[in-house]
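Both complexes shown next keep chain A, but they swap its partner, so chain B is in the first and chain C is in the second.
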Partner chain A sequence: MTAAARPLLPQAGSFGGFVAEARRAGRLVVQPRMGMSDPHLMREGLLATRRADATTVGTITLDSYTRVGDHREARRALATGVALNGYPIVAHSAAITRAVTDRIAGASFPVQVRHGSAAPQDIFEAVVAAGLSASEGGPISYCLPYSRTPVARSVANWEAACAVLARLGAEGAEPHLETFGGCMMGQLCPPSLLVALSVLEALFFRQHGLRSVSLSYAQQTHPGQDAEAVTALRRLAGELLVGLDWHIVIYTYMGVYPHSAGGARLLLEEAARLAVRTGAARLVVKTEAEAHRIPTIAENVRALETAARAAEQAGPAVGPSRTPGCTRRRSPWCTPSSASTRTSGAPSPGPSRTGCWTSRTACTLTTPGAPAAISTRAAGCTGPRSARCRCAAPQARAAAG
Partner chain B sequence: MSADATLDVVVSGTESDSHTWNLVFLQLLLEDWGHRVENLGPCLTGDELAAACRKSAPDLIVLSSVNGHGESDGLRAVAALRACAELADTPVVIGGKLGTGRQLQGGAGTGGRRGVGGGHVPAAVGGRILGGVPRPSEFREFEQFFQLVSAAKRDRLAGRTLEDLRTTPAS
Partner chain C sequence: MVRKLRACDELRATPIVIGGKLGIAGVEHGDRLGALVDAGFDAVFEDSAGIVGFHDFVRALPSGVGR
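On to the complex of A and B.
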């Protein structure tokens, strides 16, 4: 990222710090969209996310009543045992939410609250009261797709809400906000508009006291166009967010999802490859149930692991230079001279990438999760081993759970 | 097909549901079927919905909900509509993905009083609940419902014309 231009290191133990750490190690952070109204189930979901065979952060997705501020209806559903489409963080007491995340959320497993509210003040109060500090949204992207609220009022609401979260900064925590501008209506939005909104919302967050942000971009229908959009997003963020801790998060396709399990999986894997190819630090996944219903915990875990495997096979986001003499196929990340070998979907080369890099093509991955999988290095390859390779030198896996 | 009357239709989302493409889709579909559509958009409270419908006095109200809260939001919306004398008899139909469980995501329903998700649709609904996720090719029941309402309007209009003719003095 823009290490040189960033005097402020991401705070260790914070959401931004965790993601930066994973990125340095060449691991893509994967995250579910997950939220259940039953606190026991919610806790189970967070635990399963943490234990998944991937580098994960947890999610508490809020229900629609809480999103539109109808906490009375949310309480009624809790009282009558009707399942909501998410976790009602305001209707549940802070004590309940603390118990849900107790001994799960922390420096090695940050938990983010994802909502979709144009008036999130009470949600952020509940987030802070529960000891959490990461969320998402923005005055435009959580207004137009989520409410009838006039934009001017949403902006005022978001100023007040940012103040609630930024308050944590004074208490030593490092609150984090992610823009939802890279998604907006989920489909049929021009990438240029998504990029602009994501950048503007990140600037808004900075203006209102946040120092750790992420910029989203949702996978669209053309991998090449997506890679270019993320390259533009990265460049703009690098120029405009100097001094902040920031990273890019890719959303797996947010529009009408494939009905078949195979189609759903392919689209998810494509998103993971997009994230790796564009050097994004984090990916929010979608499950095989997406087109049909709210996914189960097991379906979420499967999606996280599928995405993690696809990302590993695509090679780490940041690679070392190509060893002189190495003749192996170039990854889309390679910059050198022979631009013709780049796939059409590859991003424009970043200025610092002078090398090329063999990554996964050099070694074969064996069983995922095996602590010290040994595999043979491709004959003749002298490229350096990637951080992801489990060949030869056994490497400790990320201690996520 | 008989020349049924063109209907004035209100399409609306429900109170907690912000999904909008479903409403866009329904508007285009119904316009394609030849009807006039007023699309109120998502996230209307019952009162806002009733006020808008009172103003435009539609022949039919189409509610759509896909966020999983459709059953309770839909019933609240219908209660608000039925509380207005002018809208007490207006046919209402709701569809989409009405619950978070699997029970409401199955096939399309058939009758106005059909049990849904273990509960029962109160008589007040006076319309249809299409609890499945019909694809365009599976919109037959929805279309049949429209034809019924449309034919009723045609007969009503014809009846009025006949009445007018009868009461016109011969000179």
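On to the complex of A and C.
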């Protein structure tokens, strides 16, 4: 392995670093969609997210005026006291946004800005000015569904925007960008297209100076198909993003949402289980209010905790153990051991020998009963360790399998 | 927006409606919906009211143009 191909260790205190650490501890990171135009409310929301009984990162979701660059209208709404559907980060001064996140955002609670803009340069300037370093989107996924901007212009905009964030790298921070490509139109896109877009946008981010990225996939209507899609996404990322810090983020269902509280909760729990089953590191939740309105802070906290409990019950966030001594290559569908087996410390009955977790070309065996992210080398394994084998990040397994 | 549309001569009599989730806090009531009609919409269809009212509105429209 050349020095250039060595994986970048996520910086402690960075968005990617926080997620990697949670992953090593076997905890799924959960995150709300949350944005209020009132700075006091926004701060309250971040604080409540931080205090939720779950491993959380914070979100500042921007309003629709800011997303389309109409900062004048956003300022007018602020001046006249009209509530917006998000936090207008450009219309508010950097000082106000710094006050919103002061003593809340930091190494133990990274905050990501979510927007939806095909021209996010001024948004990213505001993000950086406020001392933040994580955002999301992409030149295609935030162009076609959300704006009238031609793709070529969106690409140029996103190049410039990436440069704004990447600049932080020279200042010692580790900026993070998440692809929105795994959602695209919310629904009605084949998973293969979502996977391809997510990978391409991650490659775009790398090309333009980002070293810490996440790849999204939005829960669709078929859990089996979703698991296959995320497996493919992870495998491609493992092959194509060598040298980057990266993880997978699942979006809870982005289509027409159940109207009943029970239905909404079930769908969210299903998304949490998908994330655990597929080795995703982070989940963006939806609330019981989704079908009706923008959720309250309390509803968001409830959703975060519901998702965290569902993830815990589904087992460690890293995946199943493997039959001792099995040396067969692992198939994408090898997820047979039950949670009780995994936590008992006893050897798992494991998958059949037609599909195991490791291959001799890259040792990533997980020890039954061990903390989810700790792996040991399989007895007799002689293959080279994969780039990320040290902590058995699932990406390595996907790449190896 | 609708005031700008109504300011165009050729759009003065065109049926224009608005609907869906119109606020950020759930179902909108009375005053806010009335303000939209006053601004120039022919009708307002809140998401929670269902689609029947909209169907009735469309059925009641005179067919063709030529007014």
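Assume the second predicted complex is superposed on the first by the 312 of 401 C-alpha atoms of A that agree within 3 Å, B and C clash if a C-alpha of one lies under 4 Å from a C-alpha of the other, contacts with A are read in each partner's own complex, and residues count from 1 in each chain.
Assume a residue touches a chain if its C-beta (ideal position, glycine included) is under 8 Å from a C-beta of that chain, and two chains touch if they have at least 3 such contacts.
None of these values were measured; they are calculated from a predicted model.
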Chain C versus chain B on the shared chain A, clash or fit after superposition: clash
Which of chain B and chain C A:83 touches, first, second, both or neither: both
Which of chain B and chain C A:68 touches, first, second, both or neither: first
Chain B versus chain C as contact partner of A:185, first or second or both or neither: first
Residue contacts on chain A - larger count, chain B or chain C: B
First (chain B), second (chain C), both or neither touched by A:294: both
Touching partner for A:148 - first (chain B), second (chain C), both, neither: first
Common interface residues of chain A - those touching chain B in one complex and chain C in the other: 83-85, 292-294
Chain A partner contacts - residues on chain C that touch it in the complex: 21, 23-27, 48
Contact footprint of chain B on chain A as seen in their complex: 63-65, 67-68, 70, 73, 77, 82-85, 116, 145-148, 185-187, 256, 292-294
Residues of chain A defined as touching chain C within the complex: 83-85, 289, 292-294
Parts of chain B lying in touch with chain A, wherever the complex brings them together: 15-18, 20-21, 41-44, 67-69, 72, 97, 100-102, 105, 133
